[in-house]
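You will see chain A twice below: alongside chain B first, and alongside chain C after that.
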Partner chain A sequence: MTRVNTGIVELDKILNGGFMRGDTAMIAGGAGTGKTTFALQYLVNGIAEFGERGLYVTFEQLPDQIYRDAESFGWDLRKMENENKLMVMCTSPDVLLEPAGKDILGRFIDQIRPSRVVMDSLSHIAMFVPERELRREAYRLLMYLKTKRVTTIATYESSQTGAMSLSATETGLSFLVDCVILLRFVEIESSLRKALVITKMRGSGHDKRLREFEITSQGIKVAEPFTQYEGILTGAPRRSMAEAFTDAFKKQRRS
Partner chain B sequence: MNDARKILDRMLSSGIKADLLVLFHKNPGLVDVADGVARRIGRTADTIEADLKDLVDLGILRMEQVGKLEVFLLDHAKDREVQSVIADHIKSLSPSKGV
Partner chain C sequence: MAYLLSALLVSASVYLIFVQESLYVVFDSSVYLPFHAAVEIFTILVAVAVAYVSLKGYRRDGSRTILLLGSAFLVQAALDTIHNMAYPGMPLLLVRSGTNEAIYLWLFARISGSFLLLASPVLPEKEMSPEARDKVLLYTLAAVALLSVGSVYTVNQLLDKLPLMFIPGKGLTMLKVGLEFLVTIVLGITGLLYLKSYLSSGNRTILMFTIGVSLFIFAEVGFMLYRHAYDIHNTLGHIFKLAAFIAFLLGLILVR
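Right after this comes the complex of A and B.
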């Protein structure tokens, strides 16, 4: 099975080389954790580094706003669109939920022939369908994309409450996707930092450690695992035993 | 009054139409129902419906039936054509510059 590199070096390493081609990955996290930046970088790297065209489907944010946000990372999406390497489609979820709405999406896909698609976000679909139908409708949409042989990232805005929980969504949508990347804010020594963890990857091994990441002027940078702390997702992290012992040893030597 | 002038007058006959033109030009990948379009300019579907239909009539926007829904999108080819007619008209209005 071939892999689709995200182009975010450390992320590709922990995904054992990237997403599996044709799979759907979900990036779930609270507001401001960086879901859209991850998704955009996946498309931009696909175009710039791997010659793979991309389609970005946005339900809420207008393309104009996305172009502007991308510019702050040096990504010129308008130029990519003019070169037929990218398309940004903006619609309401109810259009894609109509059986014939798939034809509109299909027309964009036929026009740009993307290898990578971003659906931003699945949580907006939840605003248009009753909860009991959400899973079925999301499944229909994601399966349609699979028939088009594209590798999809779907974002999902999840609640940050319930710090202990590793569940990406409250609606069972994570069962529909092949890979789940969970983004969280974590508080360490009174500062708010960002962490990610892969909680699911069908048919492949992956690194299960929690890692810090930053949003820099060039995009997302994923760092080494948090080895100095334990219980980060509990909301009350503590120094790991090894770190605590080293600190105590240093203090003992100084006294 | 020539055709270009008539088109221009009709395009700019209301503030809502101007907002719609800006919205679709800045967001050429927008494909939405009247309610979705209206939300994106902070209005309601019933207040923009007539102007949307007028832009469809002018050929700048296209309306398509998607199942039970009517969606609106920019007609890129026709839009370029209209823009070029208007640009020519504006050029013809500007006084020629002497050397």
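Right after this comes the complex of A and C.
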């Protein structure tokens, strides 16, 4: 099975080479964690580094906003669109949920013939369908994309409050996808940092450690695992015993 | 700091009381052996815990200071296990039992352990590269295993050729007292270095290790005074050893 590199070097490493081609991955996280940046970078890297065209379906932003935000990372989406390497489709979920919705999506796919698709975000579908139907509608949409043999990233806005669990969604949407990447804000020593963990990857091994990531001027940078801390997802991280013990005696050396 | 002073004062008072000849007593083996085994097993478990946490920390950041600290506790855990089996009155299991046998194993543990413990704060810090860490750790574990096997071999095969440490009816030889004194000096320097570090950092773990090393010095006093392997001074030595390892355990628990 071939892999689809995200182009984010460390992320590809922990994904054992990238997503499986044709799979659907979900990036779940609270507002501001970087889901859209992740998804855009996946498309931009696909075009720039791997020559793979992309389709970006957004339910939450107007194209101008997307172009502007992408420019801050040095990504010229307009140019990519002009070169027929990218298509930004700004629509409302109810359009795609209509019986003719799949035809509209299909036309865009046939037009640009993308290898990579981003759906930003699945959470917006919840505004148009009752909760009990959400899973079915999302299933129809994601399965349709699978039949088109594209590798899809779907974003999902998950809760960041309370005792944080590893469950990406409260509605069971994570069962519909092949890979789940969870993004979280974590508070460590009174500062807010971002953490990433892969909680699911069907048919492939992956790194299960929680890693720090940053949104830099070049996009997402995934860093080393949070080996110095334990209990990060509980919301009350603490330094691991070995780390604290080592620090105690190393400080002793410096004194 | 108050904890340290209290520990030192209580320890000194205990010795002033029990050093009196009128309180000298030799316990029956049926009482002493279970007590000795319980103390040794507890301290071995604590030593293993400290070694495990230290070596885990070493694998993460490659600090030589922590490697030496972990090795000091690991070597003591290994040799104290054999010492426990060799204690006079214990059945033959892997190693010959007897007072001189147990003393030799005790001294191997104390001398290697105390010098490694001193080396930890004294030697300059060196950070091992991630590639070298596991290799160095493997060599360290091999060295501890070799030392343990060598100690068993020495006690089983070479003891008759080695100087006596204990003469029944007379007590400890000058050599044994001298070696215990050497260990006491090494522990004293280590304790002072820990105290200096605690005064500048205020770290509770370092305080507990300072207290632990100080209590171990009191334990060593008992091991310089005893005339019988089951007597009151040996008992006091083991009680102080137990207290020292409780302090080390607290240091580990309080580390966060």
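Operating definition for what follows: the second predicted complex is superposed on the first by the 248 of 255 C-alpha atoms of A that agree within 3 Å, B and C clash if a C-alpha of one lies under 4 Å from a C-alpha of the other, contacts with A are read in each partner's own complex, and residues count from 1 in each chain.
Everything that follows uses one rule, which is that a contact is a pair of C-beta atoms (placed from the backbone, for glycine too) under 8 Å apart; a residue touches a chain by one contact, two chains touch by 3 or more.
Keep in mind it's a predicted model, so treat the numbers as computed, not measured.
Contacts of A:Leu192 after superposition: neither chain B nor chain C is touched.
When the two structures are aligned on the shared chain, A:Phe249 is found in touch with chain C, with no touch to chain B. In the superposition on chain A, contact of A:Leu62 is made with chain B only, not with chain C. Judged by the touch definition given at the top, the superposed model places A:Thr227 against chain C, while chain B stays out of reach. Look at A:Met87: by the touch rule set out above, it reaches chain B but stays clear of chain C. In the superposition on chain A, A:Arg238 makes contact with chain C only, not with chain B.
Put simply, chain C touches chain A in their complex at residues 53-54, 56-58, 60-61, 63, 65-66, 69, 120-121, 125, 193-194, 196-197, 200-201, 203, 205-206, 252, 255-256. Those residues of chain A whose C-beta lies close enough to touch chain B in the complex are 62-64, 81, 87-92, 94-95, 98-101, 103-104, 108.
Contact residues on chain B toward chain A in their complex (touch as defined above): 23, 26-33, 35-36, 40, 64-69, 71.
Looking at the complex, you find that chain A touches chain C at residues 227-228, 238-239, 241-246, 248-253, 255.
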